[in-house]
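For reference, the structures are reproduced in the following blocks.
The same subunit A turns up in both complexes below, where it pairs with subunit B and then with subunit C.
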Partner chain A sequence: GPLSERRLMDVRLGELPAWLATCDFSPQGLLGGVQKAWSNYYDKYINVKRGGPAGISMLLAGYCLLSYGWNYQHISKISFLVSV
Partner chain B sequence: MNLSFFDQFTSPSLLGIPLILLAMLFPALLIPMPDNRWITNRFSTLQSWFFHLITKQLMMPLNKNGHKWALILTSLMAFLLMINLLGLLPYTFTPTTQLSMNMALAFPLWLATLLMGLRNQPSISLGHLLPEGTPTPLIPALILIETTSLLIRPLALGVRLTANLTAGHLLIQLISTATTTLLPIIPSVSLLTALILLLLTILEVAVAMIQAYVFVLLLSLYLQENI
Partner chain C sequence: VLHSTRTLHATQQCLAPLPPLPEKGGEVRYGLIPEEFFQFLYPKTGVTGPYMLGTGLLLYFLSKEIYVINHETVAAACILSVIIYGVKKYGSDVAAFADKLNEEKVAKALAVKNEAIKDLETAIEQEKKEQWRVEGRNYLFDAKRNNIAMLLETNYRERLLMVYNEVKKRLDYQVAMQNLKRQKEQDHMIQWVEKNVIQSITPQQQKESVAKCILDLKALSKSAQAAV
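Here is the complex of A and B:
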């Protein structure tokens, strides 16, 4: 289909700049993008007939990684060789 | 330097955005909105069952007027439960370890129950300050004691939650530091410490759930007296 209506996973690498140009980067647009991404994830992994712990575990693992990245500067200052 | 153990409780921020914002918004993702299907996915079904259980438990001792509080009490319970449990994952931040947040939750809700009681049934609310059957000479002292205990309730609510979670996280950090430090020196003692750490983690999961429950239960009790 036309470039602006394809999802990110369906866009080929060479077409990426062109696809980015068609994106809406206003606050409503970004919020709509986040909402679309979340509902795609939810419908694919959690909102299924016979779901298991996998969908939520991936979400929690992503949250842990994000938290790690968020406090990286703080954590990197702890030295494990300091004796009390 | 032991002071570094308390660094886990400073509120970290990246590019000026504090992590507490992410930590408070994330539970919203884990509680999906029920869509209009008869049979929802397993996750939603489990959650609806759980929330019905909580709401039924909380609302049983309350009269009809108290049922207006169902939404706020159940959502408070879900919020605290999610936040406490998510705080046990590695590298995450637990907002309820901050006294400011717990006082912000406890104080307005307690004050609301108190003001409702004083407004709708003032004599009954004031009557709670004197237990039945006290001997007459003790009445002034008892009224002072009961007033103090009434006024200290929000402080107790907030500090209880903060202290329990903070102490738990601190213990986990201390014992895991001990385990890793002892590993090259005496592996057997390190194994024992690792076992203690496992038991402590199970305790912390229980404490996280119990503390959330106790907070909301006490608020519903204060509501019961005043409504």
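Here is the complex of A and C:
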């Protein structure tokens, strides 16, 4: 189908800039994108009859990685490494 | 005018009945990495590709000190081991408990639905019975008509009787009046006749009648003596 309606996984590598250009980067667009991503994730891994640990474990892992990335500057300082 | 060419509910999502929830979530390997990632790399690198990628990335991060080993690494390792042990040991029990809760919820909703259906069915039966009863209206109205006719009849007869009694009373009165009048006239005439007769008896006639009576008596006594 047309470029703007395809999902990210179906876009070829060469078409990536064009696909990014069709994205909606206004605040409402970003918010809508975040909502869509969350609802997709929720419907796939959490809102099921017999889910397992996978639903929240992925969220926790993502949170760990994100917080590590935010605190990397502070962690990698020598003063921090020596103090413990 | 209904436009028959208009498509109804063609594009909009229909909210009821809701589609049932999927049974299982998306496949996730080792609880962290979705299956799609492995499938994504399978055509190019086969089965061991993602694992090689993971190992390589890990060693790269460690060697380049992008991931710094500090006290938090030890803490994370202990926490992870405890979590994995807990999940492995009690996972199935918790899952069974959650399933039971779900079952109860669904059973309650089903019970409500069945209750509602039963109530509606009994309502339908009662409605049908009422409709059957309505057919008996005719008999009811016939009985009522008979009642009213009887009432009218009795009322009419009562009034007829009353009329008859009243007329008879009046006629009896007239008859009694006539009788009384005739009787009074009779009595009065008899009295008047007697009075006049008694008045007309003069003393002369009285003497003569007395002498005649005596003579008769003597004759009678003579004949009586002779008989004895």
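Basically, the second predicted complex is superposed on the first by the 77 of 84 C-alpha atoms of A that agree within 3 Å, B and C clash if a C-alpha of one lies under 4 Å from a C-alpha of the other, contacts with A are read in each partner's own complex, and residues count from 1 in each chain.
The criterion applied here is as follows: a contact is a pair of C-beta atoms (placed from the backbone, for glycine too) under 8 Å apart; a residue touches a chain by one contact, two chains touch by 3 or more.
Everything numeric here is computed off the predicted structure, so don't read it as measured data.
After alignment on the shared subunit A, the placement of subunit B and subunit C results in a side-by-side fit free of clashes. By the document's definition of touching, of the two partners only subunit B reaches A:42; subunit C does not. With both structures placed on the common chain, the touch criterion links A:55 to subunit B and to subunit C.
In the superposed model, A:66 lies in contact with subunit B only, and not with subunit C.
If you stand at the C-alpha centre of subunit A, subunit B and subunit C are 70 degrees apart, rounded to the nearest 10.
Contact with subunit B, but none with subunit C, is seen for A:74 once the two complexes are overlaid on the shared chain. In the superposed model, A:11 makes contact with neither subunit B nor subunit C.
The superposed three-chain arrangement places the nearest Cα atoms of subunit B and subunit C 5 Å from each other. Overlap of the subunit B and subunit C interfaces on subunit A: residues 46-52, 55, 64, 68, 75, 80, 84.
Considering their complex, residues 38, 42, 46-52, 55-56, 59-60, 63-64, 66-71, 73-75, 78, 80, 82, 84 of subunit A touch subunit B. Every residue of subunit A that touches subunit C in the complex is listed here, in rising order: 44-55, 57-58, 61, 64, 68, 72, 75-76, 80-81, 84.
For subunit C in complex with subunit A, the residues that touch the partner chain are 21-26, 28, 31-32, 34, 65-68, 70-72, 76, 87, 91, 95, 99, 102. Remark: subunit B residues 1-2, 4, 7, 10, 12, 14, 19, 22-23, 26, 29-30, 32, 40-44, 86, 89-93, 180 touch subunit A in the complex.
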